[in-house]
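Let me begin by presenting the structure, written as structure tokens, before commenting on it.
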Amino acid sequence: MDFSLSPALLELQQRTRRFIAEEVMPLERDPRQTVHGPSEALRGDLVARARAAGLLTPHASRELGGLGLSHVEKAIVFEEAGYSTLGPTALNIHAPDEGNIHLLEQVATPAQQERWLRPLVQGFTRSCFAMTEPAPGAGADPSMLATTAVRDGDEYVINGRKWFITGAEGAAFAIVMARMEDGSASMFLTDMDRPGIRIERLMDTLDHCFTGGHAVMSFENLRVPATDVLGELGKGFKYAQVRLAPARLTHCMRWLGQARRAHDEALAYARERQAFGKTLGEHQGVSFMLADNDMDLHTARLHIWHTAWLLDQGQKCNFESSRAKVVCSEAEWRVVDRCVQILGGQGVTGERIVARIFSDMRSFRIYDGPSEVHRHSMGRKIVAGRA
Amino acid sequence: MDFSLSPALLELQQRTRRFIAEEVMPLERDPRQTVHGPSEALRGDLVARARAAGLLTPHASRELGGLGLSHVEKAIVFEEAGYSTLGPTALNIHAPDEGNIHLLEQVATPAQQERWLRPLVQGFTRSCFAMTEPAPGAGADPSMLATTAVRDGDEYVINGRKWFITGAEGAAFAIVMARMEDGSASMFLTDMDRPGIRIERLMDTLDHCFTGGHAVMSFENLRVPATDVLGELGKGFKYAQVRLAPARLTHCMRWLGQARRAHDEALAYARERQAFGKTLGEHQGVSFMLADNDMDLHTARLHIWHTAWLLDQGQKCNFESSRAKVVCSEAEWRVVDRCVQILGGQGVTGERIVARIFSDMRSFRIYDGPSEVHRHSMGRKIVAGRA
Amino acid sequence: MDFSLSPALLELQQRTRRFIAEEVMPLERDPRQTVHGPSEALRGDLVARARAAGLLTPHASRELGGLGLSHVEKAIVFEEAGYSTLGPTALNIHAPDEGNIHLLEQVATPAQQERWLRPLVQGFTRSCFAMTEPAPGAGADPSMLATTAVRDGDEYVINGRKWFITGAEGAAFAIVMARMEDGSASMFLTDMDRPGIRIERLMDTLDHCFTGGHAVMSFENLRVPATDVLGELGKGFKYAQVRLAPARLTHCMRWLGQARRAHDEALAYARERQAFGKTLGEHQGVSFMLADNDMDLHTARLHIWHTAWLLDQGQKCNFESSRAKVVCSEAEWRVVDRCVQILGGQGVTGERIVARIFSDMRSFRIYDGPSEVHRHSMGRKIVAGRA
Amino acid sequence: MDFSLSPALLELQQRTRRFIAEEVMPLERDPRQTVHGPSEALRGDLVARARAAGLLTPHASRELGGLGLSHVEKAIVFEEAGYSTLGPTALNIHAPDEGNIHLLEQVATPAQQERWLRPLVQGFTRSCFAMTEPAPGAGADPSMLATTAVRDGDEYVINGRKWFITGAEGAAFAIVMARMEDGSASMFLTDMDRPGIRIERLMDTLDHCFTGGHAVMSFENLRVPATDVLGELGKGFKYAQVRLAPARLTHCMRWLGQARRAHDEALAYARERQAFGKTLGEHQGVSFMLADNDMDLHTARLHIWHTAWLLDQGQKCNFESSRAKVVCSEAEWRVVDRCVQILGGQGVTGERIVARIFSDMRSFRIYDGPSEVHRHSMGRKIVAGRA
């Protein structure tokens, strides 16, 4: 057993930390932030800075221009990036692009990679992942998928309605999940400017950290050439798993950075703010909260590291990534909630970035499977002896 | 012991419930809502409806045009009003006006009441309560009060800076807490259009339910005639307690209504939304959350009722109102957090009102004393045998 | 609404408190305590003291020699009795006798009452309630009842096996729940010295507070005359409900007394024990725990009072007694667990009575339906709109 | 980073697992168990089996006859040993001997090691660690040490009173902590059969797993030769830290085994016991508890591994061992409490070993520093920037 990090990784960690502190955090109150997330202009600025720093899209393969990070290496770098609300956007490691890049590297044809993946890795485009549907379609239960794809000559005709599609507004292309006539599911690649794709509206969400926000969109006789099927027909659910296990974990990593940031903000405040004759931090009640934060942050980090290492060993980690997702989303949430409490009035206002982190993070206990769905899945496997 | 409600109170409860359902809830998505809260125009509309329904300012005395509700009666009516995010605004029972009305009825001179209280009760004006200050002034610890009032002839000259002053923007008058030269504190009444009062900015807060939002404001040589001192000089901290114990409890009441609303929204969703072959509500994990909601709602309600009854018996209830505030703010928060979770994606978006309640309610665990300050105060009294 | 207690009830409360302090608590370390509970001799001594004090079996009707307490009155008196680990035994209000007395008063014939109920109320005998069975019989799910009763002439022949039968060893009679040939269930009264009743062994349990402990027992061709059927044939499950709703609540009352005792012990220790330069109670972390205790104790008390009042109004309270049972058993448990923690080493030893209360109370979250079964039942009713 | 275990360690893990299952678990209901713990005879039997299996005292150095395990290796082996309530006794890795062995290896002279350490490592003797004192002496706050050691010629004369001294009854020797005339503290070695050592009584404790139980003992003019000082004079508090950081962690390891055992027992029950038409494990409420168990077990394991690895790197880990102690003691406790709940009635009786684990484990949140003391210490270091 060895918890040490290689010198190269330590150097990358420090470099990322400096980049975030010097190039990204100063932009956190930039007016180009919209109610949905960083504007395209702000995103462009951030991406350019990461590109200049050699930190852009570090999880992509070296062939494509990334740093070819392993899962463990991502754990280190993504936590650092997450320290700023804008860090994941800057490094081009935010959902859904981060997961889409991973999936396309695994499954797309060389031609598809050249057309869609390369500019995505280079930070010139954004993408979206169109899976979730309004009732009675696929929500927490993906098997309820209602969007259909029907073969018509050399094309597939896609009809359906999606929502919570992160980053759809402004994305260059989409990966669309649809049900086939035989009941199986497939994934399709499509440019977003095709006829038949309509963004109905942006949703008003608690989080404000994704460029493009979250859209409701519909496909009305969208025609996709058969060559734009992603991977093999009928393997949609399988690919969703390929994408999901690591994608869950990268969420844990980024939000760990956010939770650590909140903790540092609360700690700085507790050190200086006086109440009842001493600093907040000298009140045992507050110091207990800081100790609990430390425990939760370290718990999250250890689960991330362990699961990342298992992924690096080639394991699928369906169970372990569920476990890490529940543990981390709940531990990181407790940290941020405590920080709000320590900051008092300032914790619920724009005076400090913690209120922002609080709003942004709440969804994390829900997306990529609510805690309840993961507990259900874990519990079943445990009872069945498959955990 | 008797938990029954009088026929008259039951009738008032039902009448309020209908009013909220028929006259207020239809306006919840009214575009006159601003990022800070209901606009003055929307507020005016709501108040007019309550006036027409005979439900305006029901806690004020009958002499002043209210219904002269006891604390227990307020518990019933305010919970109903709180069922809509706009209900407290409509009934003119929102912070800070609700508490200010209570304080002015107790302490103000007849002339002061005529000038400031009567139009406030009638819903024609709004007020603010200027106590909280930025560091190093009075936050959770009111004894750190830094704003000063110095006698100068027949006037007092007030200097200082306040923040988190709810409703200051647009208020007709303020109650200002300031430190006297002898170290004691006094309260002063002042119209808001006086020279020397400046609203620096509105704060960007998680809640969006108070008309006028929360302001940062400063007093620069504000001159207040000695006749506008509220009550007796030097009794500022005492009056703050007079105002606070019941004010804490009315927060508990209004937010109980909000938590019940969230529960009803989540319950309706759980009954209809399908996942994994049955409705959400048929999944035991979800049904346990609904059961926990019911327990928390009932716990909050019982604490409110009991403390209200003690107040009606003439007790000061400093300890009991602290206890009720912690129990209710935490129980009601758990309810809303569970509802977000049950609603899944919809819980974190504007698709349902629950995300709004979630954002609005978070501050409740902080204002009127964070949970930690109340636990501290309760613990000290328990150890000292004064609980 | 009225939370006041009548002068007569206040007097009874004080009288019970004095009796417990002066007559019962001095016996808490009496060597006649066995590993299972107070010995018969110790019980006899305690009961004699309560009889002399006019406090014996206060929930029984005045006709039978009790005080005819209402449910609300029981809430007051039983909490006081529960303040000592021996109090419920002294007042003859412990499980299962307390619930059996209630059931027999409601359902038994005059002759049955004369034969079995009167001496039970007078404290001269004990009884047991033989319902729970080992797997695959009736545990948390009573519908799995496996013990059978078959008509044979003027008698019923009962066969089956029961466990967790509190107080069976040394009981004068039993109420036996058995399944009829038509699938319904009935209750039977039987003296314990009949042929066909065998106590296999006493179970080794965490609690040590019930005279007679908990037995595994079997019925082998036990013959019961048809006149000894309790109430009507086939109404066993209904009667179990008649017995259960109030019985759950009296558990909550007695354990509330125990939790308050633990709190008082921990508080006394926190006031005197020094650590790190001040008393434990002056450490905010400990004072927060004491504040949380106060909140939990008051929450439990309010739920008990409200449900007791509903029962006094003639409501069945299946839902409400489930709710009170979960809330109280969990709140009271948290109190006792915190007290152990405050007492440190002494909390886990016989130096203080708290370790005893800790062991005794753990089962309360399980018997009369584990928390999970009540949450399940509550959740179903809420979803079905029947709560 | 590398979470893999060496083939040799994996083999040792499997060997220990088999030994526990085949040689130790069959003795769990052995009648030689006393109310305080395994009797000396039972302990002798267990130790002989471990000796025969080559698994005795595996943490001692190879020179002394152990396996010279690193901290990480201990994490693996001790968890396996902890799977049986008798495992730590069998392997001679239970408190206080385990920690005493560690301390003596670090600090004792060769002559002291030959005299006291060698037979202890060989399992022929037991030892005790006499530090904790009744009020107003050293409890959670070691600086309140009241036992004194006064130089008199070539000897020290020790007077004082200790309690919670695990294993004192039957121990061959003691390490005694006493205060010097200059206010510093020293440790002394003494055979237990010396005049001046009196075991006053054994304490009645919730746990029943330590041979010799926990004693109250007093030193009355105990004379110890100056050559029997352990290490350097005046370094008592420093040595206590040397002993404590790893000792805390080995507690976490052993109890992790116990918690895993409880989980396996509850899981087996949940798979077979029927209620309401399906197995317990098929009820989502129960399966969520099993999932939570898995999360807590894995969290504890990761904290143990990480802290053990840091210790292996030569770090002192005062902060990290506090953190691991709080996280593990609370996570493992939650697991066992849930298991009791899943097992229902059987969870609170001797029918299953889980009730025993429940009773045994409660003290773990208290000894070696209650959670509150560790949170206090962690919080102070965090605020001071020393964490």
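In this document, chain identifiers A, B, C and D correspond to the written order of the chains, with residue numbering beginning at 1 in each.
We adopt the following convention: a contact is a pair of C-beta atoms (placed from the backbone, for glycine too) under 8 Å apart; a residue touches a chain by one contact, two chains touch by 3 or more.
The shown structure was predicted, so the numbers you read here are calculated from the model rather than taken from an experiment.
Quick check for the class: compute each chain's Cα centroid; which one is farthest from the centroid of chain B?
The most remote chain is D.
Which of the two pairs, A-D or B-D, is linked by more C-beta contacts?
A-D
Would you kindly tell me how far, in whole Å, the mean C-alpha position of chain D lies from that of chain B?
For chain B versus chain D, the centre distance works out to 52 Å.
Centre to centre, by mean C-alpha position, how many angstrom separate chain A and chain B?
Averaging C-alpha atoms per chain gives centres 37 Å apart.
Where the centres are mean C-alpha positions, what is the separation of chain A from chain D, in Å?
Between these chains, centre-to-centre, one finds 42 Å.
Residues of chain C touching 2+ other chains?
283-286, 288, 372, 375-376
Which residues, counting only chain D, touch chain B once they are in their complex?
So the residues of chain D in touch with chain B come to 283-285, 288.
Hey, which residues of chain C end up touching chain D in the complex?
On the chain C side, the touching residues are 132, 135-136, 139-141, 143-144, 163-164, 203-207, 214, 272-276, 283, 285-286, 340-341, 344-345, 347-351, 355, 358-359, 362-363, 365-367, 370-372, 375-376.
Contact residues on chain B for chain C in the complex?
Residue list for chain B touching chain C: 1-5, 72, 267, 270-271, 279, 281-282, 284, 286-292, 294-295, 298-299, 302-303, 305-306, 309-310, 323, 326-327, 372, 374-376, 378-380, 382-383, 387.
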